[in-house]
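Sharing a structure here in structure tokens format.
Chain nomenclature is as follows: A, B, C and D, assigned in order of appearance, with residue numbering initiated at 1 for each chain independently.
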Amino acid sequence: MSENESSTRRLARRLSWEAILGALLLIAISGGGFINKDFLTAENWANLLANFVEIALMALPLSLIVITNEIDLSVASILGLSSCLLGLLWEFKCPMPAAIVICLFAGALCGALNGFLIVRFRLPSLAVTIGTLALFRGFAFILLGDTAVADFPPEYAAFGLGVIAHTFVPAPFAIFIFLAIVFWVVLHHTTIGRSLYSVGGNQTAAFFSGVNIHRLKMLLFICSGTISALAGIIYTFRFSSSRADNGTGFELSAIAAVFLGGVMVQGGKGTITGVVLSLLLIGIINNVLTLADVSNEILRIVTGSLLILSVLLPNLIASTRERWRFMRRQREIAAPV
Amino acid sequence: MTTPAIELVDIHKSFGSTRVLEGVSLSLFPGEVHSLMGENGAGKSTLVKIMAGLHLPDKGSFRVNGREVLFRSTSQAQQVGVSVIYQEPALFRDLSIAENVFMHRQPKTAYGWIDYAEMNRSVAKHLNQLGVSLRPEDPVLGLSIADQQIVEIIKALTFEAKVLIMDEPTAALSLEEVKRLFQVVERLRSQGVALLFVSHRLEEVFAISQRITVMRDGRVVGSGAATEWTTEEVIRKMVGRSLDALYPKGSAEIGKVVLRVRELRRAGVFKDISFEVRQGEIVALAGLVGAGRTEVARAIFGIDPLDSGEVRIGEMVLANHTPEMAMKAGIGLVPEDRQQQGLVMEMTTMRNATLTVLRRVQRFGLVSRRKEWEIASRWTKRMQLKGHIEEPVNVLSGGNQQKVVLAKWLATRPKLLIVDEPTRGVDVGAKSEVHRTLSQLAKEGMAVMMISSDLPEVIGMADRILVMHEGKLTAELARSDATEETIMFAATGQTESKAGDKANAAPGKQK
Amino acid sequence: MTDQGKSIVANNNLWVGTLVRSREASLVLLILALTATTNILNPRFLSPQSLKDLMLNVSIIALLVLGQTVIILMRQIDLSISSIVGITAFLSGTLFVNHPGIPNLVVVLIAVGAGLALGAVNAALIAWGKIPALITTLGTLYIFRGADYAWVHGRQVNAVNVPGSFLAVGTSTCLGIPLLTWIVLILLALFSIGLRQYRTGREFYAIGSNPGAAVLAGINVNRRVATGFLISGVIAGLAGALWLARFGTVDATAGEGIELSVITSTVVGGVAITGGVGTVVGAVLGALLLSVFSSTLVFLRVPSFWQQAFQGAMLLLAIAMDAYLAHRHALRSRVKWSHV
Amino acid sequence: MNNPMNQSITIKIAALILSLTILGTTSHGEEKEIKKGLKIAFVPKNINNPYNVIETGGSMVACKEMGVEGKVVGPSDPSASSQVSYINTLITQRESAIVLAANDPNALIPYLKRAMDQKIKVVTMDSDTAPEGRSIFVNQATSEGIGRGQVQMLAKEINNQGEIAILSATPNATNQNTWIKFMQEELQKPEYKGMKLVKIAYGNDEDQKSFTETQGLLQAYPNLKGIISPTTVGVAAAARYLSTSPLKGKVALVGLGTPNQMREFVKDGTVKEFALWSPADLGYLAAYAAAQLASGNIEGKEGETFTAGKLGSRTIGKDGVVILGPPTVFTAENIDQFNF
């Protein structure tokens, strides 16, 4: 086992995953520009970036959660719930800033529920968040049912659609950039980040070192809930549409991005840079394929395959190396005995 | 004499550069209980694993009933009749006793269905024979460790085991349970099974074995019929290495009380634990594996909850505390298992060493690499750590890993440092480095509580020795009173006076 | 001391025994209570038509629950079943359309074969590619459904083109019980026997209960895990064919999202998400409970949107209860209990 | 008729169009040229709905006739947000015109406006957006006519008495909601005072959801006498449920459906009559409207006329609405004359 890990590590040292992603990204961009003349236009990039901003936002806290060896499948449902809540509050003439704050708070509460069940009852996060995936989506349907709210004030809708002056960067994407920087700093340059890696690498050792695992995980899930709610608000403004089924299935894309970004399933490994690169990669591949009029269904296949390959490839390389070593050792042993 | 059921001749085994077994020979005869004794690290477990088919020996021959064999898996061993019972049984807790016994080889009826009746009958027969009042249909969930061992024994019996190896089976058992286990052992012996019994407990060994072999440092240092041994001889053989290693506990000024614990109790684990540790003092907590030493340390550090009792650091009383609180109060714990509990193996030395003092590596809320570097290198340098501190700790040797664990705790500048088996599995150089550091720290006024199974280390390092047996403190010895024999007697639960007598019987060792 | 120890053990055994037995019993009680209450509020609840609908509604979920139980018993999870159902349902329909007069059994066998092939993809990735089941089946959930959409592309198979004899499986009854339900009941019996009476079945439990000990016992864990995913694929393939029989009309979306209902049913039915515990009978009762529950909501004219929230809440309740019981048990039997 | 699958749908639609009675008169004299090199994209509600496939099939036929480069793109789920990314891509690809069946009246507006800012013509068909989001809306018939017609059809079957329900598609579908509004208005008339609309259910244009929603309606409202389902997916699913239930013939079902999907149920008496326009013609007309707009021949103002191939000349009405023509009513007598 430890040898298996060390060979993975050695592989990682030799060829950093970020470097591979970066290379793939360059290939995708140049390939995209080559295939389609519309690809490298500012307008297209504005679309490209706007298209995955919600998923990108949710992937940030999710990366941290996966680093600590947990998972949160309920993010897209929190997005839907917050979108519905925003619509409902607006319908009841709640001032928009207040409505936004309430939505963020509701998202935090959802995250706190996840965290509470996982930390206090020591339930597996997979099972808990499958449950809350249904529960939160259910709440969304209870709030809005089959109806939709669409009459959001133009200035907010404009925010959802607009780009930052003189650039092709969509305004919501700016929020992502900001948060990505915050998460990058937190994960790689604060003591919280240090604790997160230690919990993911060896939870027992972290506990023995006085890391407050419970508080840390609780915070992570609350953070995940809040940011998912933020993604829900952005989604609502982007489409001027508050509906219970908003963002259904987004959790899959977010998780795919996290794993593809080099965050290890076993926890303890991964960087924000990797996740951001993988988000861009997925976004670009989707965009290039859509521009090439490749149908929606192929996009699903591509996303699913990326998810599996992102885990399979490192595993295969590690296990092949392991098998070689084992065979060599067996030959050595077989000789004298 | 009959042919031995198992015969090991000149077995060698190394892990990396560490030689664990150096030419061990051992024979087990049918109808005999053979006890294998030795201190931790003597190589007993490795020997057992070789017999179980978990390890291949590097050199040497291994015969079963006179035939040369080579086990590549545990099931191969089981098929020729060699079964091993470990200290912690590996059972399916959700399944019944009978199913655990017959998993993967259940008897079938004529239709090819599992023959539960036959399974239960067979297990019930064995249970009866062993005189155990369990039912075959009972689930394993909820069985005590002792009962779980019974299940393992029955599994071995259904393999028609000719050789049964028990690796410290009594470590987690109560007296009553041990008695029952011994009845079972006796019955098996009379049926002609060859038994290998690995234990620390002298009285048990003498009670049941016909033959005793003592190992030390990967070699057999004595072997013979039980009648030829005395308790003292066994102890002497076990510990009998010369005190060649340097244990430089210098004199330090003993100051105020740092740690005071009173009436600590954790049901089923330990009780009535009261003692204190002072500034500049090294107090050793000695005893056999499973006596509850580590558990006491864990409870003091706040890892396991206490059922009752009081932990006091200076004037501060800790109750229902977490490790975080214990650290704030000034306790550090170097845990016994450095890979599982001490280190995050994939992280660098620097990050491991600063994990306990994250607060101190910040500047303006961000981690300062310079501060990280400073803190990590200060302590690792002091212990002469080999290797770069920005490399992951899993490339380091055991000794160097232990230095990293020590470094991360010293970085917290604890008032009390608890070290649990600080030198287990480390090379001689690192060992003396650890000892030198501990001694130095005591001199600087730190209180040190040391758990160790290495008696020379205990005697060399400690100012005072507390001995535990079966969850209770059985002796407190001053440095001047401590000999390996006195400690061992207290640790094996011999009464005080008896310990004294026996100790007196060993001339020249007692003052 | 010993007597006391023994009596605790004996007590525990009794207690565990009743607990294990009571999971099924309490599910039956709950179902009965729910049915009775609803029937008082709306007597049409127990009308023959309504009962038939109830049985038909639960059948396909219950069928999938059988496969999922095997998977969860081994501490694995299979999210891709809904996509396998989608592909095989449309495949069955296409066969009827393109080969009029094709025997029903051949169609079912081909659907099952397709399910097996898709299950084999999961099995290979999980058992030999060493990818956690969650990630693998999340990926194949995407891939299989994408392939389904790409292949079907807006087409639809209509009931008109499916032979009446095949549709009859989803509509006609025998002894008052729909044929579809009979199929599920027969398979339930087979699975029950398989998991109880065959070595392979018991080994599924062993692997979920203690994977390390399973290896020590000589069980080929990889092969068993692979077998589980093959079984799950086969069941999903069959469910696909029966989906066509039940609904008559299928397009690319058949079965979307039902993996959640299946997992929830299985867990509510007492199959521990941590593996090793549970029975297919319990799991199917879990499916029945959820189905009765949604039926009740319809009869009481509660908007159907409440269903999903209730389902989520039930899943959480079930795992929390399992964890609580396990924890209490651990305290009682005083196994050394580490804090981490 | 033996092949409902749509592999050969284009050929069939071509044949169908040739055989159609040409509605309205044409005066070829005023026909204006269609520009060369136009690119028109069609975005249906979702690409895997058979109705939409027929509809866009008609559009592609028109494109071929005009020598226009046409393509069909769109999401696999009928949601507005999924349509957005396609609209954005089409803007980037600088299509000449976009023809859209909107999944939401408002959500798409900003994106469509952006398209129009870039000189891309926007035509909606089938399901409209708010008028500011497009130049022309090609409507099946007058919404009022469809809505009121459905109520009249059902009233005739149930003698203006009893509880009725509506089974719609998605809650935001513009066309559905407009029709429902007119249905409700029609029901205000004194002659329908014996009829009571008890529930509007949504099957989301998914077959299985529509099926279970029907089941739920009948369970929750035992006195239900009639169902209106103005969506092809819904009416087919509802008919299928009714045909196997004892309520067959007792609960009347009317709606908008394709003859191929409904044939069986009309013949077995589950459904007496239902209506629909030709979806292919609708797509065909929309394609012509888009091409004429993109060629600069019309601007979408009220009163302008344009020619639409086989369908002859059409005049743009108020709010840029173009009407295809009254729907056909299908009954057991005439249904065999239609094949789509």
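By our rule, a residue touches a chain if its C-beta (ideal position, glycine included) is under 8 Å from a C-beta of that chain, and two chains touch if they have at least 3 such contacts.
Everything quoted here is computed from the prediction, not taken from an experiment.
The set of chains in contact with subunit B as well as subunit C comprises A.
A centroid comparison over C-alpha atoms places B as the chain most distant from subunit C. Chain centres here are Cα means. That of subunit A falls 29 Å from that of subunit C.
If you average the CA atoms of subunit B and of subunit D, the two centres end up 78 Å from each other. For this pair, subunit C with subunit D, the centres built from the Cα atoms lie 39 Å apart. Annotation: 44 Å between the Cα-based centres of subunit A and subunit B. In subunit C, the residues that touch at least two other chains are 149, 153, 339-340.
Residues of subunit D in contact with two or more other chains: 47, 76. With touch defined as above, residues shared between interfaces to two or more other chains in subunit B number as follows: 303.
Every pair of chains in contact is given here: A-B, A-C, A-D, B-C, C-D.
Chain contact summary for the complex, subunit D toward subunit A: residues 47, 71, 73-76, 79-82, 84-86, 88-89, 91-94, 104-107, 109-111, 114, 170-172, 202.
Those residues of subunit C that touch subunit B in the shared complex are 1-2, 5-6, 9, 12-13, 16-17, 20, 193, 196-199, 202-203, 205-206, 208-210, 212-214, 216-219, 276-277, 329, 332-334, 336-340. Touching subunit D in their complex are the following residues of subunit A: 38, 41, 43-44, 47, 50-51, 145-148, 150-151, 157, 161, 235, 238-241, 243, 245-246, 287, 290-291, 293, 295-297.
Residue ranges on subunit A touching subunit C, taken from their complex, read 71, 117, 121-124, 126-128, 130-139, 141-142, 145-146, 203-204, 207, 244, 252, 255-256, 259, 265, 295-305, 307-308, 311-312, 315-316, 319. The residues of subunit D lying in touch with subunit C in their complex are 2-7, 47-50, 52-53, 76, 206-208, 211-213, 215-216, 219-220, 222, 236-237, 240, 244-247, 260-261, 263-264.
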